[in-house]
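Each of the two complexes below includes chain A, the first together with chain B, the second together with chain C.
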Partner chain A sequence: MTDLANQIITGLSIASILLLVSLGLAIIYGVMGVINLAHGDFLMLGAYAVWLMESALGLGFLPCLVMVFFIVGAIGWLVERTLIRHLYGRPLDTILATWGIGIILQQAIRLSAGAQLRYVKMPDYLVNPLHLLGLDISAYRLLIFSVTIVLVAVTYILIFHTSFGIRLRAVMQNAEIARCFGINNARIYSLTFAYGAGLAGLAGALVSPLKSVSPDMGTKYVVDAFLVVVSGGVQSLFGTVASAGIIGELSGGFAYFWNDTLARALLFFLVVVLIRFRPQGIFAMPLRRG
Partner chain B sequence: MNRRSLLKGAMGLGAAGAAGFPHIWIKSADMAYAAGGEIKIGILYSLTGTTAIIETSLNHATLMAIDEINAAGGVHGKKLVPVVEDPESDPATFAQKARKLVLSDRCVSVFGSYTSASRKAVLPVFEKYNNLYWYPTLYEGRECSQNVIYTGAVPNQQQKEFVPWLVKNFGKRFYLIGSNYIYPKEENNVCKILLKQLGGEVVGEEYVPLGHSEFSSVIQKFQDTKPNVIFSTVVGDSVVALHRQYKAAGLDPAKMPMASLTTSEEEIAAMGGEFAAGHFTSAPYFMSYDSPENKKFVESYQKRWGADKVTNFVSEPAYFQVHLFAKAAAKLGASDLHPAEIRKAAWGETVQAPEGLVKIDPDNSHTYLWPKIGEAQANGQFKIIEQSKEWVKPLPYWAYEGEVCTPTGMMEKKS
Partner chain C sequence: MRRIFISRGHIIGYAAFALAILVVPLFIDDPYLLNKLARYLIFGILAAALALSWGYTGILNLGQAVSFGLGSYCMAMTLKLHTIPIQTGAAGLPDFMVWNNVKSLPWFWEPFHSTAFAVVAGVAFPVVVALLLGWFVFRARVTGVYVSIITLAMLVVVNLVIVDQQRFTGGFNGLTDLADLKLFGIDFDPYSGATYYLIALSLLATLMIGEFVVRSKTGLIMQAIRDDETRVRYFGYDVARYQIFAFCVSAGLSGFAGMLYAMVMAFASPTFLSVQISLSIVIWCAVGGRESLIGSALGAILVTGIQGGLSETPAFLNTWMLIMGALFVAVVLFLPKGLISIVQLGMARLAGKKISALAEDEAPLPRGHKLGIG
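For the complex of A and B:
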């Protein structure tokens, strides 16, 4: 019984990290149709921003998180304004451009902060595990889990219960008609991109004390994030949440019964089979597009 | 320009070329290895890409040793001139840059590589052109090239004292965890042989993908199987993730320590000392080792490359192997300076390294080293708990009965 409970918690923990790293991508990809290969590198920027603020300014971890969201968001906004906005409707070009941005960001960090692994401190009160219901649960993983839930809730409210969200959904459904109704598409796009980038930065900051910080750390997260977004169904927030949950529990289970190497291969295999038979993802919304 | 003048011009150029660069045309042009008061040596460590993190420190240690040798007057009054190439953590690029260093720069030796994959990729180049490669990393053994000098530890030097010590102090149940490639698998083979001799037991053996950072499933298996020792050959940034998640899950190093062959000061600096404290590493060198040579090594390294930098068990051999090279080259006359001659001169050569006096074994071109066991401390340094009483002979085929490395290549002993 404890084994099963432990296994479910392991899966949930993996799932929450997956959801955290893919939320920003889901929004950028879903709303704007931009395949943002620099997503992982925004994540990496977030981790480095925390490192810099902790080591140079001596700030605490939690205040850093708030600032990281705005810093990386601002960088995202800048990238959208200067480059991405010239490439809407040209998916292949955006793939190339965002990949290039990723390389530029990686090398910029390598040249300025150095190539070695960097140390981000885990807050002392979160290092030791909590005893809940007879189980040892990592306090830090619990923090990640809670922040992820809060972020999903905030994103949900932003999209479905604010006037910004109404405009955003209008642009998603039909950009031309939305513009006829006086919606400033360019502004919606750049804010959305900034929000997605900010979420990526926040994700990078949150995983950095549990994992490691290096210039090329983004590469593996961007793969995970695409896995989640594609199998969940583009443009579906619920799909992203659900697919992160499923993939997390599956990879935890596979890794437990066999090993992590096999778990990863199996997971990729399942996703390939899935998109062969259901290219729109598991939870795609039936949506009329212009 | 008509065809005739073009031909004339080309002939003229050709003649000038033959006069200007005789070594292109004359086969025995060994004097070119020490031409113009300089001795060129190649430096082949990645400065970009996946393993740049550690290889940059090897590049730094090598350059520092070269400067020391030049400051002391060089070799035969000639300066060592490093030709630095960046192979970008990519084995194919390693081979390409190695070819450039050997053929076009005419380096008399090349110092390089961290991963076994990159070493295997450059081997054909050095064997084909009979040049010499100096490899500083601890590795899995089972190689016997006549064109490589190996200065890192092989499995018998890291494990033969370590595993019995672990069994004695913690118990016989081992969980083997490693990254999924050749090095961890070969090391674990050796560990299993030793455990069998000691009556130990392997309760789990698992390999995670390179760069893996999600260890919650692995940690749950630790909790289920309750081993006495977690024997880790996980490499790179995975080391950092594993240690942090181990502590966050509430496991206790006093009851179930991780015993590693790969965790160095470099990784501990990145994870934070409190996550490493209480775990063990076996290696010939630790930054905290108390010797005059090491004090000087650490001081000049931090002075040159930054006070926050650490030295480790790979950068130390990268440093002392350049001194071994210089001593071997100094034994030869300037006109004898040739990779094959340097290899022979290096056999039996010793140097007072930061870890102690080391010697290149004439039997197999590996190096006699001083195995130590260190316990990681919260301050990021190792406390040295055990060290071997004498240097330990390298046995690259230790786990393979009947196979021996000799100066003329691998031999199978007929029994």
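For the complex of A and C:
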């Protein structure tokens, strides 16, 4: 029984990281129709930002988290303003441009910080496990879990309960008509992109103490996030959350029986089979983007 | 079958290209250089294969390296089984299997004792994989960016599995110490003229097959699908069938290129299925001109040629990749039809036509997003 409970908690922990990564990806795609292939590299930037601030400036981990969100968000904003903005209406080209940006970021880090693995120290007060309901739960994983819940809540409020959210939904539903009502689409787009990038950076910062930090660390995370986005359907926040949960639990479960790699392969196979029958994702409305 | 008129410029271009790559070895003594050129031509095949699915059918396959890698492993497996016994364990077991405590040859390695089987499998296996994926994806009417991220996800997954299954695939190191391919009494030494000519002819054959496909009625429908999939469907065509066809042809050609690459490099490794290779293929196509087969091939030869000509040290390669990333973004932004469009524009000017190859690139009006979150 404890085995099962532990397994579920491991799955939840995988799921919450997955959700952090996918959330930014899904928001950017949902609002702008852009698949951001540089998303994994924004994540990597977040991890490096923490590493730099911790080792060079001696900042604490939690203040770093807040800083990283704004730093990577600002980089995202800059990328949108200078490049992505010229490519709306050419979806395949946005994939290419963001891929190119990803490579530039990756190589820039590789050339400046070096290709070797870097390590971020986990803060002392989060190392020891907590005893909850008769289980030992890693305090750090609990932190990730709570940050994820907070961010999903913030995103939900942002979209559904702020005037920015109203404008954002208007642009999503019909960009041209939204503009006729005096909404500044360009501003919405750049803020959304910045927010998504900031989320990726934060995700990178949060995983940095768990795994080593390397220039190509983003690839693996972003591929899993693709699977979440494809199977969840991008049009709904709920879909992203639910499918991150399912995929996280499944990959935790498969990995328990085989290993991480085969778990990922099996998941990929399942997702491909799934889209044959529900191409719009499990949780999407029965409508399709035109 | 109706053919689109082939312009004189086109024929001259192809003839000059064919002549150039066939004559080059006559002026080269250095086997190492010849081997390098042969590699560039293989990249040309890959780029042309991607142009077929991306430039002509609108399927941006970010996992092209899967087909390339599978082809290369098929060839490497048979060559591995033909190496001299020093590099094999008891009963001809490949060395890495001995190190990994594998006692007998796995069943799926058995047929690779036959070179003929391997040559067929090197094309057929990638095609079958593409067929399966294509059936699931295109039958579900999944298109555009979704196809791209699914193919990219597949690439990463296949790569991880090959690295993971070290006992059967050699893991990170891949398959090394391969024999030369011997076919029809010719020994295809990687550094020989015979190998170079095999590859040059393969590239020309690829371009011919490609031109034949895109100029056929099927090719016309493929291009129509690229431009407006829904409209083609309303005309009553089975869109998915044409997409799967283009996807498979492209995969088969890439698998073939992979086989040649394993021969030339005398090894196969997971780096052949890396995201980096896939990205490079897309960059070559974009730089050369995704909507032109020969343009893409030239893009590959040009880019890799410059890269190889400058330096091949790791430090340089990192800087080079940075430059490529920037170049890539620039091409996507400013020259969506690649360098070949400049050539075409020049030729059109010379011919006194008022056709502007660049003017067609006006981006379509942004489509409003019809759906919202929640």
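The rule is simple: the second predicted complex is superposed on the first by the 284 of 290 C-alpha atoms of A that agree within 3 Å, B and C clash if a C-alpha of one lies under 4 Å from a C-alpha of the other, contacts with A are read in each partner's own complex, and residues count from 1 in each chain.
By definition in this document, a residue touches a chain if its C-beta (ideal position, glycine included) is under 8 Å from a C-beta of that chain, and two chains touch if they have at least 3 such contacts.
Every value quoted in this text rests on a predicted model; they were computed, and no experiment measured them.
**Student:** Once chain A from each complex is brought into register, does chain C clash with chain B or fit beside it?
**Tutor:** Clash: chain B and chain C overlap once superposed on chain A.
**Student:** Which holds for A:Asn259: it touches chain B only (first), chain C only (second), both, or neither?
**Tutor:** Both partners, chain B and chain C.
**Student:** Report for A:Met44: first if it touches chain B alone, second if chain C alone, otherwise both or neither.
**Tutor:** neither
**Student:** With the two complexes superposed on chain A, say which partner A:Val79 touches: chain B (first), chain C (second), both, or neither.
**Tutor:** neither
**Student:** Using the touch definition from the top, say if A:Ile275 reaches chain B (first), chain C (second), both or neither.
**Tutor:** Only chain C; A:Ile275 stays clear of chain B.
**Student:** Taking the superposition as given, does A:Leu202 touch the first partner, chain B, the second, chain C, both, or neither?
**Tutor:** Neither partner.
**Student:** More residues of chain A in touch with chain C or with chain B?
**Tutor:** Comparing chain B with chain C, the partner touching more chain A residues is C.
**Student:** Thinking of the overlay built on chain A, is A:Val223 touched by chain B (first), by chain C (second), by both, or by neither?
**Tutor:** So A:Val223 only meets chain C here.
**Student:** Just checking: does A:Tyr119 make contact with chain B only, chain C only, both, or neither of them? Give me first, second, both or neither.
**Tutor:** first
**Student:** Counting only touches as set out at the top, which of chain B and chain C does A:Arg110 meet: first, second, both, neither?
**Tutor:** In the superposed model, A:Arg110 contacts both chain B and chain C.
**Student:** Return the residues of chain A at which the contacts from chain B and from chain C coincide.
**Tutor:** 107, 110, 115, 220, 259, 261, 264
**Student:** Which of the residues in chain C come into contact with chain A in the complex?
**Tutor:** Touch list, chain C to chain A: 58, 60, 62, 133, 135-137, 139-142, 144-146, 148-150, 152-154, 156-158, 160-161, 163-164, 275, 279, 282, 286, 318-319, 321-322, 324-326, 328-329, 332-333, 336, 363-374.
**Student:** In the complex of these two chains, what residues of chain B are touching chain A?
**Tutor:** By the definition above, chain B touches chain A via 47-50, 52-53, 56-57, 180, 206-209, 211-214, 216-218, 220-221, 223-224, 237-238, 240-241, 244-245, 247-250, 266-267, 269-272, 274.
**Student:** Going by the contact rule set out above, which residues of chain A touch chain C in the complex?
**Tutor:** Answer in residue numbers: 27, 29-33, 35, 37, 83, 86-97, 99-104, 107-108, 110-111, 115, 159-160, 169, 171-177, 219-220, 223, 226-227, 229-230, 235-238, 259, 261-262, 264-265, 268, 271-273, 275-277, 279, 285, 287-290.
**Student:** Hey, which residues of chain A end up touching chain B in the complex?
**Tutor:** Checking each residue of chain A against chain B gives 3, 6-7, 10, 13-14, 17, 107, 110, 114-119, 121-122, 127-129, 136, 138-141, 209-214, 216-217, 220, 251-252, 255-256, 259-261, 263-264.
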